[in-house]
Amino acid sequence: MKVVVVAGIPGSGSTTVLKKALENLEYLHVNYGDVMLEIAQKMDLVEDRDSMRKLSPTLQKEVQKKAAKSIREKSEETNIIVDTHCTIKTPLGFLPGLPKWVLDELQPDRFILIEADGDEILMRRISDTSRTRDMERLKDINLHQEMNRAVSMAYAALTGATVKIIENHNDGLDESVEDMIKTLE
Amino acid sequence: MKVVVVAGIPGSGSTTVLKKALENLEYLHVNYGDVMLEIAQKMDLVEDRDSMRKLSPTLQKEVQKKAAKSIREKSEETNIIVDTHCTIKTPLGFLPGLPKWVLDELQPDRFILIEADGDEILMRRISDTSRTRDMERLKDINLHQEMNRAVSMAYAALTGATVKIIENHNDGLDESVEDMIKTLE
Amino acid sequence: MKVVVVAGIPGSGSTTVLKKALENLEYLHVNYGDVMLEIAQKMDLVEDRDSMRKLSPTLQKEVQKKAAKSIREKSEETNIIVDTHCTIKTPLGFLPGLPKWVLDELQPDRFILIEADGDEILMRRISDTSRTRDMERLKDINLHQEMNRAVSMAYAALTGATVKIIENHNDGLDESVEDMIKTLE
């Protein structure tokens, strides 16, 4: 069975596209962060999500690996979507979400990046009053998408997996969902 | 001796530039796809090129590796040009042409990407009536070249090889050929 | 302790930003090229910097590895800044400054790229009469920065390190230094 990684920056609409596409497809949909949290809790390392960041790099790496391994194992029985980020934007820079040791365990078959134009993402973030987040400038949004493309090609070189970019423009949700379904079938 | 990988998207003119440059240079010019086909035929896996796509991923990987190894071995006696693609555009996304296990066997010394402006490539494809291909939009052509640059830098990080970009503009073939010759000498 | 790699193309002002930022921080500041030269001299391979380029690829690789290892060892006692290049622009193309075998030994924790707009870099190079260098065109400067971003994300995928981009615009040195200090603290 397949392991497909789906990623998009905040405001790309990746979760919306993915949920709609999965209505008619047989995929187990897991969030990589959730799996990591679960494993760290089982290992008695943390109680809640906030404490995850305080783990030492060595422990974080171990949890990351175990999460990847557990996802790969589940794929023996079912197709799996891994909902995650290509890179996480931190004050120290872009942190790769799927470094080599994760890819070695996860062995993904496909990457799908959901993108939108920078100004669409900017407007979606401004309109989303449910979250307070630091507002990024247009050029920072464009840079984040550029870095995600670059890192996804490094992931592809390491794994042999394909990288599909699906555009999710305003008023184009149906088309994006259809693209996603075709790529998952 | 050297193993040099040359790649360019359809319409970049990579084959034209390469053939002209090789008129006065001592290089064995191999097409990676041809070598794979030959090896798959020897292994009694396929009869023709079309069947190659139907091989299981595991078998494809094995054939890819053997092709890379056989090319590297030939380089003990002669300089070799490997004519291939950085990424192949498929309905499932960009497929890396030289994933890690290929690079480990091939050990390329140099990558050369032949590029042109997106609109030049578009017009060349429209004018080329010898092939029927799905027409890509300008932004898709630009994206493909961007992804090839990104993946070539991942290949470089894995191998230590240099990445040279040679522009092949309209009415500029002589200059491109000269650039190519300088990079191959 | 941390190993932080700082890089920027000529004219980005990386050395200026770095020196100012380090005035108030405890970091050992090493130049990767200097460490390589020192090691090659100890191994009786070369006498001066110019001879470094004439080493065989195999010997260069060995020197590169030893330099990386020696830097990582020093990081047991102190935080280290490694001043180097993501890629070196050569007549044969972009040469990766930190290929896999270097990263495996160096194990960097963070990458910091210093960038400026292409036209700012062009004007700084023209004004710098202390060095004679081949003048690159604006598009070549932009390409070099794009390739450095791409290769840095490949380095990130291989190491798990973060990649921070710090912009160093004209009349903005104080801000760039402040950004650098925050990323190094």
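Here are a few things to note about the model shown:
Lettered A, B and C in written order, each chain numbered from 1.
To be clear about the criterion, a contact is a pair of C-beta atoms (placed from the backbone, for glycine too) under 8 Å apart; a residue touches a chain by one contact, two chains touch by 3 or more.
Since the model is a prediction, treat every value here as computed from it, not as a measurement.
By the residue-number overlap criterion, the interface of chain A with chain C counts as different, with under half of its numbers used by both chains. Overlaying the C-alpha trace of chain B on that of chain C calls for a turn of 120°, given as a multiple of 5. Centroids built from CA atoms put chain C at 30 Å from chain A. With touch defined as above, residues shared between interfaces to two or more other chains in chain B number as follows: 150, 153-154, 157-158.
Of all residues in chain B, those touching chain A in their complex are 61, 87, 90-96, 98-101, 103, 143, 146-147, 150-151, 153-155, 157-158. The touching residues of chain C, when paired with chain A in their complex, are 110-112, 149-150, 153-154, 156-165, 182-183.
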